[in-house]
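Below is one structure, written out as structure tokens; the observations come after it.
Order as written gives the chain letters A, B, C and D; numbering starts at 1 within each chain.
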């Protein structure tokens, strides 16, 4: 920490700051400049609320030097963390795609979607049972019934699933069913929820808050690691800016910043990040090219009738195209993705025919 | 709702959108323009996720016409709502100031602060027992012990208090002690917490999320009103922007926008809104001049030793000055504030001497 | 300047940074911390592009300590600068209001507006002859004809005027007519224009860029002062944020930040700052309460037919109300404004009748 | 255009809006809803300042339907525009990389850089002779001497060059030397400069303003096309947001939005877009994956001694790596880039040895 004194700070003021720093357990090193004096404070800033020193007479500002996070930091652990969701490793050489509808609406809707995304190469299913909605008049999710549907679809398709938990009280219930818990953007700084979810020991998918700095996001992950659970996947999903052509502004530089500072894996959600299905495929490619470890993509069998986030949901056929294009980019950056064949350009969309047959079987059963 | 068709949309596409609108219970009114066709849809948009229509062939975009909120709207109730916290009315002619430390640190700290702010004219005490902190290594609050201290200080000073609740599980406990529950900025879209807090019937102080539009904020309030509890006070506390000279950017135009669209009272928190005690007094004056119904201000007897938000906390003497200056501005806009005498310019700071005596009494007792 | 070294920086890397600093004329003071070494560099950072040092091996980041501006700084000149436009002092105890239409459309339009704003208490006329318009298809201004109209209206009403200059080539022409030159928000970092306008010696009204930090704004003013012209008035006019309920977000804390760091006067433009005439009056009051030295307000005799910025233009009667309310707030903060009588509440709108008579006289002449 | 009336708007108010619309040359189609009436206005909004209608009694808001731009629009021209700079086509299948130092500092510095970037595969040289600098105390460029150096380096290396023009007065001079003119982010809405630069008929590289919406950016391009010059290349270079880990937030979704709405080519500047050389390579890959037609990259032979933008400049060896990685991604998205061999993974960095030899030759000459 560096304490910057005001231009006219007196000797007494400087001495008082030094004394106060020593009281707080720091060693104080003043440097007397031509216009200003700065005081280097050696010690561990994390232990105290040292920004309050700015109130001492003659102090202009406090400049922190150490990063405020520890456990998530590459300075502590310099090898990439690999998180496993139902056996699928995230953070290694393979790109992992998690896909599914915004909200679980019915068993049929989810089953059709799950088969479609699986055949296209997705390895993890996503779907909301508890939905945070801006308006109280919007569909709020099927709740426990939604979790049961997710579990049945997992049983049939073999896809592990991630689903959001909104409330500390629901954590045990959701953890009973889900392979991984999602903390949504609006709950990124719901610190109680972070602790409670972390304590389950389940993998946590931590979305970036829509006005959260990368540092705040890593500190939110630090809350989870601090419970003893290192299984955190970060998910960039767009931040709020002045631009209105897209719903949010996807911050792909965040991938590079996270990779420089943390050992945690990071994936990208181009569906929320753009809010418009037309932009999902190019931004998915860009995310992988920038170094993301995976994607979270919204897919709906009939987007025009989706109860939630229809405008940004991909039709299964577009999702297949996404998987093929992502696989090509993955290879170009030295990684592999399940959606494409191993041959460099010979990727061929998997069968929508197969998906339709599957869907008909399900309808017959119902 | 208006459906805007793409320039080359075919007759069939237009007909299909009209059919779909009729299915959803709307009446469709197409208008054929020179370059584009638009379709007016008459009916209640709130009932359905109509934005999914954008996925129909030939549709360019959906333009909502109706406001998405109802209960908080001036269209529903055209007289100002007056909320009472421990008998103090907020939203009427009087400006109400809520003041106190960021966090309850000890009974002495709170008692001294409470007497100081009361003597300066504050009518409601604020203080955090449960603290949402960006870092897991920061002081997290005294929790129930903090609530007990708040209750004892209320008993002695007569000041009702507002305190934050972070977790649905704590709502009954906090509601047992507090006169009003605060929903913090980071929880503005914690919809479960909104519902649970609303259901207590207690007044709710709803802070604006740091990336929340005014419309989203009113929709968050709508969640509370939807529980049958109309006692909501909105609190503007600054939004995230690119400017770093202040911690947040206080959006005072939000007061005018809220007053135009809603019947709910609105107050301003210049402490969080600026993050720097030097800017709190001028922004407090500005908030009242813009039409705010009150203020929420952080005051600490020794800001340089505060465990939380020291840089933005006022020393009690500065707070007295704030109260005097706010009272003068209140009169200028046709309102009254407790801090100033009724004479236009004759305001005189109340006695810091009295506060010091009180503090000594408390120390002796301890 | 502080150079922060990476955690694992070697002795050689530290030594090399110190050598490089000495080469650049700094004295280097390394402080060896537990986790990181920081090197204090004593000297004048402004002289060189020292941020390039971040490329030296082992360097993590550079933290500037000195403010990058000098001439505009309070550290250099601790008394408020008073700028005079046609004899009207800005930056003293009196609040100065500059008002008029967005664009000069005709002599009649400007004459009627000028008389109206003068009778309401405005002391300076504003009006655009050269208009920066987002679309090439919008009205671009009357150019020199507009300047001539402004000059004739000044002659008749006695109001000095400020008008925008867009192009270095127009500076001599505009300076020949105008009492003060406005640099618009979109040109705040048009450094050539700043220099050219500054060199005229005329007072310069420097609007804040819509994505400019306060520091960048003061550096833009520094360009003007660096030409030897100290006559700069800063004008806050709203910044770009995610909020869409207003056209921009008026940053009133900027007033307090500017007053803390600079001796230059600052005024506020609530018309552009909100983009909606309904919000202009409360925000004008708030600006004065926050400490602004004046206002810039758009007024149009028939806003619904304005060729530019109609939605944010005040009708003359609303402007009269603004002047009265501003005068009351000015008194509350220890200042005076021309719009109100000296008695605290006895303000009475000046005669719209008189304005209408004047307008009829003008029509008869035309 | 749609005029939305307030909930309580009277028949007379609706009739008056219709009459006014007819006066303005629109046909008015009112639709009477349950809560609100909306009026569809058929005609060409671009002709008039119709937003002023919001001031008519009973009007709530105006919703534009047509895009405000025409010439840049895909609705007008549905095939991609290919712009040629010194014979190099931009906007076709090939990815074009423009590289060079932020500022031209000396002939040797530029010559070494030019050979280095050429050997790595760059096809166009960039370098600033006129520099827009935030501070008046920073290096402002070599001006005409810089242009001469650029011309000499072009002669020797065969690389055409693009350079920024800051002032309408300099347009003839810069156009005399340069193959393409750059309009910088801070001048994106310097409309006079747009017109003057456009009128030269030279290709224009138009950077996005740091707070400009995509729509405003396309309107700025419209100014240039309106001079009869269709040779515009858009350049995304990051927007201002709250995130401070990077200097700006690179908005890669802008590529997809531009490609959806315009026929103009778009390139990306990952150097300014991140402000940190460590993030340039991954973001360059991402830009190409997202669909960009090229890149603009800052390269300096000794970044730690650069007079401008050192922190974001690549060392030539890192630039070679960038070119190889970009070439692989280009192939993955069905395009080609000059930096890589045609074989999928066999790319090998071109010779830094060759560059060093070249540099020595130049030094010997000097």
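Basically, a contact is a pair of C-beta atoms (placed from the backbone, for glycine too) under 8 Å apart; a residue touches a chain by one contact, two chains touch by 3 or more.
No experiment lies behind these values; they were computed from the predicted model shown.
Put simply, the chain farthest from subunit A by mean CA position is C. Taking B-D and A-D together, the pair of chains sharing more C-beta contacts is A-D.
A straight line joining the Cα centres of subunit B and subunit D is 40 Å long. In terms of their C-alpha centroids, the spacing between subunit A and subunit B amounts to 28 Å. Here the spacing of subunit A and subunit D, counted between their Cα centres, is 30 Å. In subunit A, 211, 239-242, 244 are the positions where the chain touches two or more neighbouring chains simultaneously. Across the interface of their complex, subunit C is touched by residues 211, 213-215, 239, 241-246, 249-257, 260, 273-274, 278-279, 282-283, 285-291, 325, 328-329, 331-333, 344 of subunit B. Interface residues of subunit B facing subunit D in the complex, by the touch rule stated above, are 2, 4, 7, 29, 31-36, 38, 40, 42-44, 63, 65-66, 75, 240-242, 244. On the subunit A side of its complex with subunit B, the touching residues are 20, 46-47, 49, 51-56, 68-69, 132-139, 166-169, 186-187, 189-193, 209-211, 216, 219, 222-223, 226, 239-240, 277, 303-308, 310-311, 313.
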